[in-house]
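Next up: the structures, one after another.
Look at the two complexes coming up: subunit A is in both, with subunit B in one and subunit C in the other.
Let's look at the complex of A and B:
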């Protein structure tokens, strides 16, 4: 690949700070277009001393291990269903260490493949912590404390974020976060998940599904920002499945009764406040999932006068440029959905604009997403509250229904029934254009991903009605929606 | 000191044993030993290998290993002649090592692995031998 004609004297055309989903996509695309690129990636160990390799949050401590552990827990459900289908599953147990071992092997193989990929594409990679000296210079330090200085024409900030710890005595000493759970060397034992975020609920979900005694401590509502009907059903489903909820409650302190060993979880006494009263209980593992903070303040942003919000998010224009002319930001640093494919897309398009001749900007609207709780939740577009706020209640028509996946008809009746759900939110003032699609049920990601094309092309309710569904599937539910919320009619199921 | 062991693990030996053999060597030696294994085609009676990628990789690996860290050991395992290797029942294919091609260069006990043309890419081979 012919190198770009360089109009500057810096070491590199592009320096990317952060080797995660966004940073790597940007770096590789830029290198493909002839730019001389360097990637800095360094993981500061967690308070529990966990660390990981190149690839960022998604690969190491996010989407990938999460989906694998969620899948592991779903297999537990399927094994129960299998009995109804005639399988003899009498001798079935689960090994936490086998699961973690296999998942970590996969992750480490990917860490290595990424390093090989960068070398093959001529991208320089430093496993070093970079901080700004001035708008064209960073200083970086490796784990042995050796420093180097690197200059670049342009910078892309892609450091993402890390989980927050609360200001609660004992939290940092004894509790873990999502940064630790996916490589935990010992079985977590009785676990308390603190937080109402999708991270907390996804973790509580798969831990419970693997047979672990799981409790969720929540301050107020579940899944703030998501569609309220769906969030409520997820909570109700999780509770019906045996996950304990303490809500509202907040942790006040954590004490260690027995220290963790190489092979066993600690015994912790957790104190929490419920209705003004202090209560306590013992747990082996406490997992905080109360929010994540961008790493903006860690790169010495004042050295370049970088503007950032009090919550450390970095404001950018539609081309991902910060207030500093040669510095861009992508991924979880932005006030945008914190999703890998979005970071990858924006990283690639940014590189094409900087080093190719592209003018295409990233579309941040109608980005589909899925929460991998035991009852999976896929959504694209607006929640009902957001739609009402944007278009006015009189202009919003909500079509909704419950459904039962055919595969589940063999299940015995239980409190888990009646939670699978589908909703289309339409704008009556615009031909019943779909402004939000929400699905609760199996394979939520697969279903929502497909239907999202319709949304970005401006599908209306009549387009969905025109579509003939595939039978018997869960996806077909979106082709036969007829009951509106406004009508007040019951959505309890009838047979097909 | 650097040790080079050419292990004639070919016909009649088990690929599965090779994996355990490698682990045993590593544990028996100092646990700070950097153990590498190269799986390559068995040369004929004239010393000629049937595998062109293996032939290309040999000089690259020989040179790169000069800069491997202290206490490094390279085991060379011969997977058989062309016919033996192509057989789906080849023990090396069936073993935990999950070999799918030759040459394959691995750092034992890690996920670091290079295959086929990658083994004659000097910067990649150097990266595999590098201490972390």
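Let's look at the complex of A and C:
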């Protein structure tokens, strides 16, 4: 590959701090364009001593293992439903350790592939923790304490974040986070998930689906920032399925009744405050999912005068440049949706602008996402509250409906019915342009991903009406939406 | 007469060095041990593997079998690439299982992927001539 003409004397053209989705995409693209690139990646072990390899949050302790465990739990549901289709599924059990073993084998194989890929693309990789010395210099340390100094013309910050622990006695000693659950060596046992984030609900969802006694402790509302109708239905579905909710409640302390061993979970007594009263219960596992903090303060930002917000997010301009001229930031560090494909896209486009004469910026609007709770939730664009705030209530038309996936009709009726849902939010002042699409039901990611191209092309309600649906599918629900929220008409499904 | 080594587990613990009648079978524990094997007079099959690699689990027993039964003295050194990534990188190991036949500081042969005992025998014979 062509070497760039170098106008500097530094060791590297580009130093990327953080070998996750964004950092790796940026590094590889820059190397492809001829830049001399180094990636620093290092994982400080969790309080429970969990650690992992190259590839970042998504591969190791995020999207990938989460989707695999969610899938494992869905298989459990399908096995139940299969009985209605004539299958004899009388002898079915689940092995936590088999599942974790296979998932971790996949992850480790990917860790390896990524290392080889970087070598093949001529990207230098140091499994070392980098901190700034000055605007062109970092110092890095490996796990044996050996240090090196590296200089670079430009830097991309892509360290992402880590889960927060609350300031609650016993939390760091005995509780785990999403950093630990996907490689947990023992069966989690009776579990308490603390938090109302999608991480907490997704974890509670798959744990329950695998037959685990699961409780969720929530301070106030579920899935803050997401569409309220959808968040409420997710909560109601999870409760109907048998997941216990303690709401509102906050944890006050955790005590250890019996220590964990290599093969068994601990026994913990958890105290929490509900309505001003202190209550307690025993659990084997407590998983905190109360928020994540960017690792901005860990790279010695003051050495370069990096500006960052009190919540440690790094403000950047539309080209991902920080206040420091040669330092950029991408991924979970930003005030933007914390999503792998967005980090990858912005990493690649940034590299193309830095080393490939491109001017294309990343579009942060209409980025689709899916929450993989037991009732899956896909959305692109604005929530109803956001749309009302932006365009005014009188300009917003909400089309909505419940639906029943055909696959579920051969199934005994249960409290889980009636939660599948679809909503289109339109701007009446702009030809009923779709400003938000929301879907609750199976295969939410696949459906939402497909429809999102309509949103980025400026589809209107009449475009969706013009589309003929595929039958029988869940996706077709978006082609026949008639009832508006404003009309007050019922969207309950009629009996046959 | 044949010397059979029976294993309690498919892979040896790091602490065990088995002496078969002909060569030794060991798992790499440190860099010094590697240098000794690489520079030694006895040809050594270096088996680069990982515990998440399915084909590796098929190949390693074949290699062990071969080392036990080979009429010439050949050693087997198993290197877990997750523990010794830098050695794997040094030897340009990009896909596993990857076997390098080494002697007296040189790589004299090798192959990638699962092979039959007969094919490996042939490769060894060619490399050592």
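Keep in mind that, in the parts below, the second predicted complex is superposed on the first by the 493 of 496 C-alpha atoms of A that agree within 3 Å, B and C clash if a C-alpha of one lies under 4 Å from a C-alpha of the other, contacts with A are read in each partner's own complex, and residues count from 1 in each chain.
In this text, a residue touches a chain if its C-beta (ideal position, glycine included) is under 8 Å from a C-beta of that chain, and two chains touch if they have at least 3 such contacts.
As the structure is a prediction and not an experimental result, all values here were calculated from the model.
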Determine, for the superposed arrangement built on subunit A, whether subunit B and subunit C clash or fit.
clash
For A:228, select first, second, both or neither according to whether it touches subunit B, subunit C, the two together, or no partner.
neither
Mind working out whether A:433 is in touch with subunit B, subunit C, both or neither, as first, second, both or neither?
neither
Scan A:121 for contacts with subunit B and subunit C and give back first, second, both or neither.
neither
Touch check for A:321: first (subunit B), second (subunit C), both, or neither?
neither
With the two complexes superposed on chain A, say which partner A:244 touches: subunit B (first), subunit C (second), both, or neither.
neither
Would you mind listing the overlap between the subunit B footprint and the subunit C footprint on subunit A?
105, 108-109, 111-112, 115-116, 119-120
Across the complex, what residues on subunit A touch subunit B?
105, 108-109, 111-112, 115-116, 119-120
In their shared complex, at which residues does subunit B touch subunit A?
110-114, 118, 121, 123-124, 127
Listed in rising order, subunit A residues that touch subunit C in their complex are 53, 104-106, 108-109, 111-112, 115-116, 119-120
Residue ranges of subunit C in contact with subunit A within the complex
50-53, 81-82, 85, 89, 94-96
